[in-house]
Structures are given as structure tokens and as C-alpha cells.
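Take a look at these structures.
Note that chain A is present in both complexes that follow, paired respectively with chain B and with chain C.
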Partner chain A sequence: MNSIKDKVAIVGMGCVKFGENWDKSLEDMIIDAAYEAFEDAGVDPKDIQAAWWGSVFAGESGSIMSTPLKLAYIPVTHVENQCATGSEAIRGAAYAVAAGIYDLVLAVGAEKLKDTGYSGLPQTRPVATWSYRLTTQTPAAGFAMMATGYFAKYGLDFDEGKRLLARIAVKNHHNGSLNPKAHFQREITLEQAINAPMIAYPLGLYDACGVSDGAAAAVLCRADLAKSFRTDPIYIKAVSICQGAREGWLSQVYDLAHVEETYRGGIAAYQEAGIKNPRKEISVAEVHDCFSITELTIMEDLQFSPRGRVREDIEARTFTLEGELPVNTDGGLKCFGHPIGATGLRMLYEVYKQLQGKAGPRQVKNPRLGLTHNQGGEPGSATVSVLIAGNELG
Partner chain B sequence: MPGIVAYGAYVPYFRLSRAEIARAWAGGPAPGERAVAAYDEDSLTMAVEAARDCLRGREASAVDGLYFASTTPPYKEKQSAATIAAVLGLPDSALTVDFSGSLRAGTNALAAALDAVAAGRAHTVLVVASDMRLGYPSGPAEVNLGDGAAALLVGSDQVLAELVRFDSRYYEIQDVWRSDRDTFVRSAEDRFATEAGYLKVMVESVSATLRSAGLRAEDIARVALNSPTPRQLRSLCQKLHFDEKSQVADVLHAAVGDTGCAMSLMSLVAQLEEAGADEMVLLASYGNGCDVVLFKTTDLIRTCRAARGVRGHINSKALMRNYEQYLRWRELLELQPPARPPLEMRAPSPAAQWREVSWELRLTGTKCRVCGTPQYPPQRVCVTCQSKDQMDPYRFTDVTARVFSFSHDYVMQTIDPPVTVTFVDFEGGGRLMCDMTDRDPAAVKVGMPVEMTFRRLYYVNGIYNYWWKCRPVRAMPGAEEG
Partner chain C sequence: MGENKQVLIGENLFDMSGGEPALIVTHCKSCGDYFFPKTFTCHNPECKEKDVEDTLLSRRGVIENYSIMNYPPPPPFVAKDPYEPIVCAAVKFPEGIVIIGMMENMTADQVKIGMEVEVTVGTLYTNKNGEDIIAWKFKAV
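Presenting the complex of A and B:
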């Protein structure tokens, strides 16, 4: 099996401000994100040889993206892999370059969710063969059951558990407050987070990420051509996708206190990137905090914290901007927002900026390797992508 | 002679205090409580529960008829008896019939079942009567009506109550009715309906049966009746010279209410629960006529008892928080719609429903022949050992289970939020994600024992989407609440 390590570089990225973008259409956001990436890379859109388009809710086919950008008569692939769709777009683009088929490609992810008027996600589409009848819970409840499961397994009572989760929300709100592109840019207090209205017991409003409009884009090229575009390209070290077989919903083996796909997706990425000690070697991580409990368990599944002991690290502020391993420096899904198909690319946007030393007030010290963790599905039945990027070859 | 082989009943877990109804309408207080089917229950689901109570420990494959009686079936056109038979797993050749149209539908179904067995048309017929009629808000029927179901297994072997005689008469009168356009029960002027209808016909019919059987009122050990109100029951007892306390011993009005065409059969079940051997039991039900049935109990009555029956279900209960919750459950008010995708997006596919009757309606999963792992929904490739097509059917409906994890979902569309969603682990293996019903959210805990119950998930495009939920184990008679 070959590794993608150092075969593909990212030479340009763009990301619009996420949020309730009432005055922007899906097409506006696609154009703004893609042109920021073109200009960042210094490429002419006409030089793009193939494109990958990630969106769950925007409609069918690649034309949703090629039309506003007028990317005429090149291959455009529409990908969907739930909330990991953005990372799937990057992966498709990166593999095509690594395979030697193309030299310069584009990946775009975007979603226009706020036009629906719903407080959560839209239904993907009417399902003609819908029959599986256990369909009366939201994703919030699916993840809330992992909080219940984690609390029960590790003996946290309700108040201890809520306080621990609230620390994650407070951290991500702080990071979001330093980010002009974030959906939510206000700090919150522990008490606000703990006392917020319940959405799915034990998760409250501040345990859940924002539902946002947004778009993000990346220009990728062969690693050996990267320096012809810019002096500080970012190199892909690993891209994994780990798809579960719903074992956690079907079998009592699963403890509902972690996400097996994250654990295994992490191991696959570490092997591909040659990482032995993730906690020491990863400089900054953007992870899929769709809910606070998800970030909590990701810390253990990605081996940043020992199993069952993430509490010590959260209380030691390990994952804050000033901590040993800053996590979700841009505010995460919680505050940057979560336009489904754009999220994986938005994560990479922050890692890219961090590795280039261009993250402004959120800049971490001397980063070398950054990680994105992008998750679709729910605990017990998930799709997880882990991507590792670095600012040096080798 | 044919007779009753087994009996069971169902009373919803939730009760609405009549004082609370009086509070809502500033009316005069009435004693007791009425049973209210939860927002996810209807006559069909209650019938399934009563049937399970009756059949517990018996093979459904030996039942070759299912007669369902209700004046409130979920569909005008689509047979409920066929659905119930499918849920219970009766053989394909079972005779299924829906009885409806009057409060005698329950005893009509019983008569037909006794005839079918006597004629050799069927060996064992399950009769299930279930009703949840609506009284006009603020009217007396809203206070007096209740929801519930009864089930009687009719056969000719091993009967615990043997048929002595069955009499019937019809009687044309506009006293209590619902037209095809009505939601609520209508009734004629009270004294007319009582005197020209209920009392007159019941007294004449019961007296005629006693006369024909050569019996006097005091020869009857137990009397099972339907009656719209306690007052009318008292008047009837006085006229027929039945002692209300010892012979009638009604438990339904105070705790459940008038359960329509299920009431006389629930009353019979309550009597059988306490009956001894060799007792004469009289069953009478009124509704555009009168059916009168005489049974004599056998020795088997002592050993063959219902799992929960009427009393077990009555004693396992919770009070609804207020009258407004009743309006919500019966969808009598138009409420603020949630900002969520419309339910039409999740309309069930009739083709998929048809394909999956076994695993959806019967909660039948698979168990791997190679590694022994039970799994739901049915899998062709085993989740544990990946063996392909090495599965046996495995039913989860009556397997002991515990809550592995849960959440109360406040954002999901539902008639009465929150939705309590759970992962349930079954003893012997198998995990299921399903909703929990009949629960107090504050009392839900990891590890609590639960049992499966057949419910309505939602109604969309004219389709009632039935499936299974878990609920905290309801107490068995003589045991503390689970």
C-alpha cells in the first residue's frame, strides 16, 4: 500500500465568513471562497485541470459548483460523505494528483443551510424506500447518548459532566472571538454554558455547534511543483477515511463512550504520516466538535489524552490556544459554524494558515504538523476523515 | 362447549384525574381518574398490548382466528385485525375480522368467535376489543370515557370459563352515536337515552336470559357489564336485583372510565381475575341492542391467570401533568409547528413496509448461526463474524432488556416533547436504538430494565407508522413498579 505523504501540496486556500449569510447566495460563497484560493495560489482559474465539489444539501451533480465558477469542460466530481464531505472532496482531489493524473486541481465545499428556516439540518431528500422506523431522534440526541454513555462509563455525575463539557464550549467561544470569519464571535462563561436550555439531555444549547452558511476551497498541486506557486506550500502527510459498519448500533461490543471510527481513522493517518506520538508531534488540531462531547471523546480517540482521562487535560487547559496542544483554534464547528460540505475544507483552511504562521491572534508557536478530524454520522455509525499536513517535506 | 381459554387486558399507563378536568373547565368535581391512551397509542396498539397480555407464554401459531372490535379503528378502510395478527405472528391462514359500529362490537366479536369454535371453523380465536372514544371538550363524556382494551382467547380445550348460553337482540334507537363526520361522541337527552335505551334494554335482555336459563339474580356469582356512568350502573343493578358490591364489583369507572366496546369484556376480565371454580358469570353489553352471555367457570380458572390483566394494569400508572397535556395528546389544538423539515419528508414507503412486515411489525431480527450474535434490524452479513447468510430469525419483543444509554431530545418534532431516545441492550445479545415511552424523564437511568411495547411513531400521508418502543417495566400484580 502506498502513502500519500509529501506527494501533494496545498498552494492556495479560501474561506468565506461563516454564519447567517442572508445577503449571499450559495453561488456567491462558492465564488468568494474559490477566488480567494485562486488568488492565494496565484493561479488562473483556467489552469485548473479537475475539481472536486463537496455538498450534502446543495443539489445534484458538479454543475452546482462549475456553473458559478465557469469551470467549463473539465472533470468535476460531486462527493457526499455526510459531515465529512469537505474532507472527502480534498481526498478525491489529493488522490488524483498523487496518482499523477493531474498537476493542479481544486476542491470546494459549500452549504446554504439558513434559507430553509429550520433550526437544525434539512432532510437530505425524500427517501423513496424509507422504512427503518427508528427515526424520531435528532443528531443532538445521537451524540447526547454518547455523553450519557461516557458519564456512566467513567463515573461522572451530571454536574461534573456538564462542567467538563462547558469548558470545551468556553474554549471554542474564546477562540471564535479572535476570528473575524467565525459565525459566533462572542465569549461565554462556564455558567452560561452549564445553564443553557437543554436541547438533548444532557447537552444544552452551548454544547451544540452552529448551523451556518459557508464555503471553503483549496488549490492542490503536485508537491514537486509547489514552490513554483509559493514559498510556503503546505504538504499533505496523510488523508484517511474510516467508515464504520454501524457496529455500535448493532452490537453490545461498543461502549458508546468513544467513536471507533475516529480511533481507527487516527491510527491509519498516523501510520501514513509516520507519527509515533501524536500528542507530542501534532502542533495544532482542528477536530469535529459538532457537539462538545464529540470533541471530548476525539481527544481520547486521537490519542491526545489517555483513555478515560481527558478530564485531566481539559482541566489543565491542554487544548487551549496557550496549551500544549491547541485544538480548534479557529473556534471549531461550535463557533466557526458548520455548513456541512464546507467544514472539512474550513478545518484545513485554519491548519494551513497556522502552518504558514498567518493565524493572527490565534497563531500557535512554531507549528510543524497540523491535523484535521472531520466526522459524519453519529456515535456507533460514523464516517471519519483524519488529514495531517505539514509545512516541510520529509 | 366452547369457552374462554385465556384472558388479558390493557389499560394505558397514564391517567387524567377528573378533578383536573373540572379545574380546566371550572366544572363540578367528579371522583377518580380516567385512563388516557398516550399520544403514541391508539385502539390498534392497545389491542396488541391486551393480546400480548393474554397470549403471554402461549404459541401465537396455534391461534387460527383474530377478531378485532373497536368503534375507533385507526383506518376506515384497511383491516386492523390483519395488522394485529401480523404483529402477533398468527399463521397466514388465520381468519381475521374487524367488528365495529356499536358498543356491542366487543361481544359481537366474542359471539362470532364462540360460534366459529363451536362450528369447528376455527380451533382457537383471539378476540380483542379496544376503544378510545372522544367526548366533547368540557362535556360529561370527556370525564366519563376512558381508553383500554381486553383480550379473550376462545377455544374448546382447557377452557377456564365454559359458555352456557348466548342471547342477543337488536334495538333501533338514536341514543349514542357518531356519524361518519363526527370526531366526538354525541348522545340524545340523558334521561331519554337512559330510560328508553340503556336501562330498558339491559333489564329486559338480562331478565330474559336469566328466565331462559332458569336462574335468579342471586344465582349469578359475577356480573360483567358496560355502563356509561356509575349512576346508570347503580340503577341497572337495582332494577336487576344485583348486589353492586359483591356481584358487580366494578373497578373500571373509578380508575379507567367507560372504555366503549371494550368495557364489558374488560369487566369480564376483571371478574375472571378473582373468580373461583364453578361460578356463574353473566356478561351483558348494550349498544343498539344487547348481547347477554352466561359462562360457568371451571377448575382451570384458579391456575390460568392473566399476566397483568385489568387490575395489574390499573395499579401501574402515572398521573398526567394537566388537562392541557390531554388536549395535546389528542391533537385537539393546533400548536406552533416546529422549525424542522416536514414529516412528509419521512413518509413510509408502502412497498418497503410490505417487504419488512416481519422485522418491523414483529421486531424480528436475526441471530448468527456461526457466532450466535443476535442483531436488529436483520442482517445478512453478521456484524460480529461477517458470515454471510447464516442467520436465523430472532424475535426481540419479549426479551428482557436494559437501557444502555439515553437522551431526552427537546428539538425533535413530537406531539409531547421531549422524545426519550435510548440504546437498549437485550439479555442474550442484541442492541436496539428506539424511543422510550410511558416514562418520567427524571426517572430514566442507565441500566434500568425496560420492555418492548408496540406504538405509533407518527402519522403522515394518511399512514399510521407503527413500530416498537421500550418502556420502563410495568409492575406485575403483587410486585413493586419496575
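Presenting the complex of A and C:
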């Protein structure tokens, strides 16, 4: 098996302001994100040789993206892979370049959710076939069971667990307050997070991400051509997708306190990137904090914290902007919502800016490697992406 | 359950022949895993066999985990007005399988991890046509 490490570079990226973008159509957001990426890379849209388009709800085919961007008669591939859709668009684009077929390609992800009335995840079947559950259950309740599961397994009482989750929400809101592209840009206090209305016990309002519109884009090229576009390209070190094949929400060996697909997806990416100690080697990470409990378990699944001991790291402020391994420096899903097709690319936009030293007040010190992670679906049948990028070859 | 027409949420979910409801599950004779709803093969990716049989699950299990839906589930669920928070639980059965369902007649302050519960059948919600949608539920023993 080959590795994608150092074969593909990112030379331009764009990201719109996420939020309730009532004054922008899906096409407007695609154009704004893509043209920021074109200008950042210094390329003409006509130089793009192939494109990948990630969206779950925007409709069928690549034409949704090729039409507003006037990308005529080049291959445009529409991809969907749940919450990893944006990352899947990057992966398709990166593999095509790594295969030596194209020199310069585009990946775009966008979703316009607010005017669909969307609030959370839609339900399609009354009984989930492999998952031992009725779908007449809020998605928040599913993640809430991971929270009660984690608390029970590691001996946290309600107040301790709630406080731990609140610290994640406070951190991400602080980071979002420093980001003009975030949907939510206000700080919150621990007390606000702890005392917020309950959505699905023990998860409250600030434990859940919002619903936002958004779009982001990346221009990718052959690594050996990257310096002809810019002096500070970012190199892809790994792109893994990990898909569960167990029977759904609960297998008979599942402990309700982790997500195996994230653990395995992390291992695959670390192996591809040649990373032996993720905690020490990763400088900055953007992970899928659809709920605060998700970020908590991801810290252990990606081996940033030992199993059952993330509490020590959260209390030591390890994952804050000033900490040893800053996580969700742009504010995360917590402050950007989850316009599904855009999310993976929005995360990569932050990692790209961080690795270039252009993250402004959120800049972390001397970053070398950045990671993005998406987690969709349910433990047992989850779709997980892990991408690692760096600012140096080798 | 009242006077409304009753509509099962799915077929082959439970068996009432013993007088009390029991969930119909599929058991893999090779790896020992159980599946619900019943199925035609073993879905354990580490098991290559397909020698399976349908059987009835133990009627009692233990709450392994729970949440309280402080907001109603999305459609097709129709919430009562005013909405009362619903307790949902992941119940582990002696066979090893964990099944999620709603609790019958249980409030947020009553539910506890480790509590013994029993399979029951009840109304999940009443739809806009006035039909009761019937599914498996759990109740305290």
C-alpha cells in the first residue's frame, strides 16, 4: 500500500463567513469560497483541470458547483459521505493528483441549511435496520447516551461530567470569539454552559453545535509544482476514511464511551503520515465537536489523551489556544455549525492558515503538523475521516 | 392503549404468543451474536458463517445507559402537547445484546443505570390520522 504523504500540496483556500446567510444563495457561497481560494493560489479558474464537490443536501451531480463557477467541460465529481463529505471531496481531489492524472484541481464543499427548516438530523425509517433502536429518538439523545456511558465507565458524577463538557464548550466559544468567519462569536461562561436548558440529558444547549450555512474550497496541486504557486504551500501527509461495518449503534462489545472508527481512522492516518506520538507530533487539530461529548471522546480515540484520562488534560488546559495541543482553534462546529459538505474543508482552512502562521489572534506557536477529523453516523457504522497536513516536506 | 386504531411500527419485532411480549432476535450459532430486528444472516464482520436462527430474547434486562429527550424527537414522531420529556434507555439483555427504546411510565428522576427493566409493547406516539403507532418499550420491573 502506498502513502499520499508529500505527493499533493494545498496552494489556495477559501472559506465564507458561516452563519444565517439569508442574503446569499448556495451558488453565492460556492463562488465566494472558490474565488477566495483561486486568488489565494493565484490561479485562473480556467486552469483547474478537475473538481470535487461535496454536499449532502444541495442536490444531485457536479453541475450544482460547475454552473456557478463556469467550470465547463471538465470532470466534476459530486461526493457524499455523511459528516465526512467535505473531507471526502479533498480526498478525491488529492488522490487524482497523487495518481499523476491532474496537476491542478479544486475541492469545494457547501451547504445551505437555514432556509430548509433543518434542525438536527432528518429521520428516514421508523426502525434502524441494524441498530437496535427506533429512529424516533433525537440525535442529541444518542450522543447523550455516550455522555452518561462515559461518566458511568470512568466514575464521574453528573456535576463533574457536566463541568468537564462545559469546559469544552467554553474553550470553543472563546476561540470562535476570535474568528470573524464564525457563526457564533461570543464568549460563554462555565456557569452559562452548565445551567443552559437541557436538550437531551445530560447535554444542554451549549453542548450541541448549531445549524449554519457555509462553504469552503481548496486548490490542490502536485507537490513538486507547489512552490511555483506560493512560497508557503501546505503538504498533505495522510487522508484516511474509516467506515464501520459492525451492526450499528451498539454492538455486543461496544462500551458506549468511545467510537472505534475514530480510533482506527486515527491509527491509519498516523501510519500513513509516519507519526509515532500524535500527542507530541500534532501541533493543532480540528475535530468533529457536533456535541461536547464527541470532542471529549475524540481526544482519547485520536490518542491525544490516554483512555479514561481526558479529564486531566481538559483541566490542565491542554487543548486551549495556549495549551500543549490546541484543538478547534477556529471555534469548531460549536461556533461554525455543521453545514455538512463544507465542514471538512472549513476545518482544513483553519489548519492551512495555522500552518502558514496566518491565523491572527488564534495563531498557535510554531505549528508543524495539523489534523482534521470528521465523524458521521453512529458508533459501529460511523464514517470517519482523518486528514494530516504539514508545512514542510519530509 | 386506548380506542385508536393500532399500527405496528414494523413487522416481526415482537411475539405475543406467550401472553407477554418478547422481542424476536436472530442468533448466530457460530459467533453467538444476537441481532434485532431479526435478520437473515450474521452481521458480525469477524464471523464468516451464516448459520443463524430466530429466537425470543429474555424479557428482562438492565439499563446500561440512558438519556432524557428534553425536546421531542423529529418527525414522523408526533409529540404530545404539552410535551413531557421522554426517557430513552439502552438495555443490556443476558444474551449480551443492547437494545435502545423508550421507557414506559418513567420520569427523569426515576431512571438509573443498573435498573432492571422488562420488555413491553406500547404506544410510541399517535399520528395525525389518530392512529397509535405501536412499538417495543421498556418498563421498570
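By definition in this document, the second predicted complex is superposed on the first by the 375 of 394 C-alpha atoms of A that agree within 3 Å, B and C clash if a C-alpha of one lies under 4 Å from a C-alpha of the other, contacts with A are read in each partner's own complex, and residues count from 1 in each chain.
The working rule: a residue touches a chain if its C-beta (ideal position, glycine included) is under 8 Å from a C-beta of that chain, and two chains touch if they have at least 3 such contacts.
Since the model is a prediction, treat every value here as computed from it, not as a measurement.
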| item | value |
| --- | --- |
| Which of chain B and chain C A:Tyr201 touches, first, second, both or neither | both |
| Partner chain(s) touched by A:Gly117 [first = chain B, second = chain C, both, neither] | first |
| Partner chain(s) touched by A:Gln252 [first = chain B, second = chain C, both, neither] | both |
| First, second, both or neither for A:Asn2, with chain B first and chain C second | neither |
| Contacts of A:Ala141 with chain B and chain C, given as first, second, both or neither | both |
| Touching partner for A:Asn366 - first (chain B), second (chain C), both, neither | neither |
| Chain B and chain C footprints on chain A, overlapping residues | 119-120, 122-123, 126-127, 129-134, 136-138, 140-142, 144-145, 147-149, 152, 197-203, 245-247, 249-252, 254, 256 |
| Complex interface listing, chain A residues touching chain B | 116-120, 122-123, 125-138, 140-142, 144-149, 152, 197-203, 245-247, 249-254, 256, 380 |
| Residues of chain C touching chain A in the complex | 9-10, 13, 33-37, 39, 43-45, 64-77, 85, 88, 90, 96-102, 108, 113, 124-125, 133, 135 |
| Footprint of chain A on chain B - complex, ascending | 338-341, 344-349, 351-353, 355-356, 360, 373, 375-377, 379, 383-384, 404-412, 414, 418-419, 421-423, 425, 429-435, 441, 446-447, 457-458, 465-467 |
| Chain C partner contacts - residues on chain A that touch it in the complex | 119-123, 126-127, 129-134, 136-138, 140-142, 144-145, 147-149, 152, 197-203, 245-247, 249-252, 254, 256 |
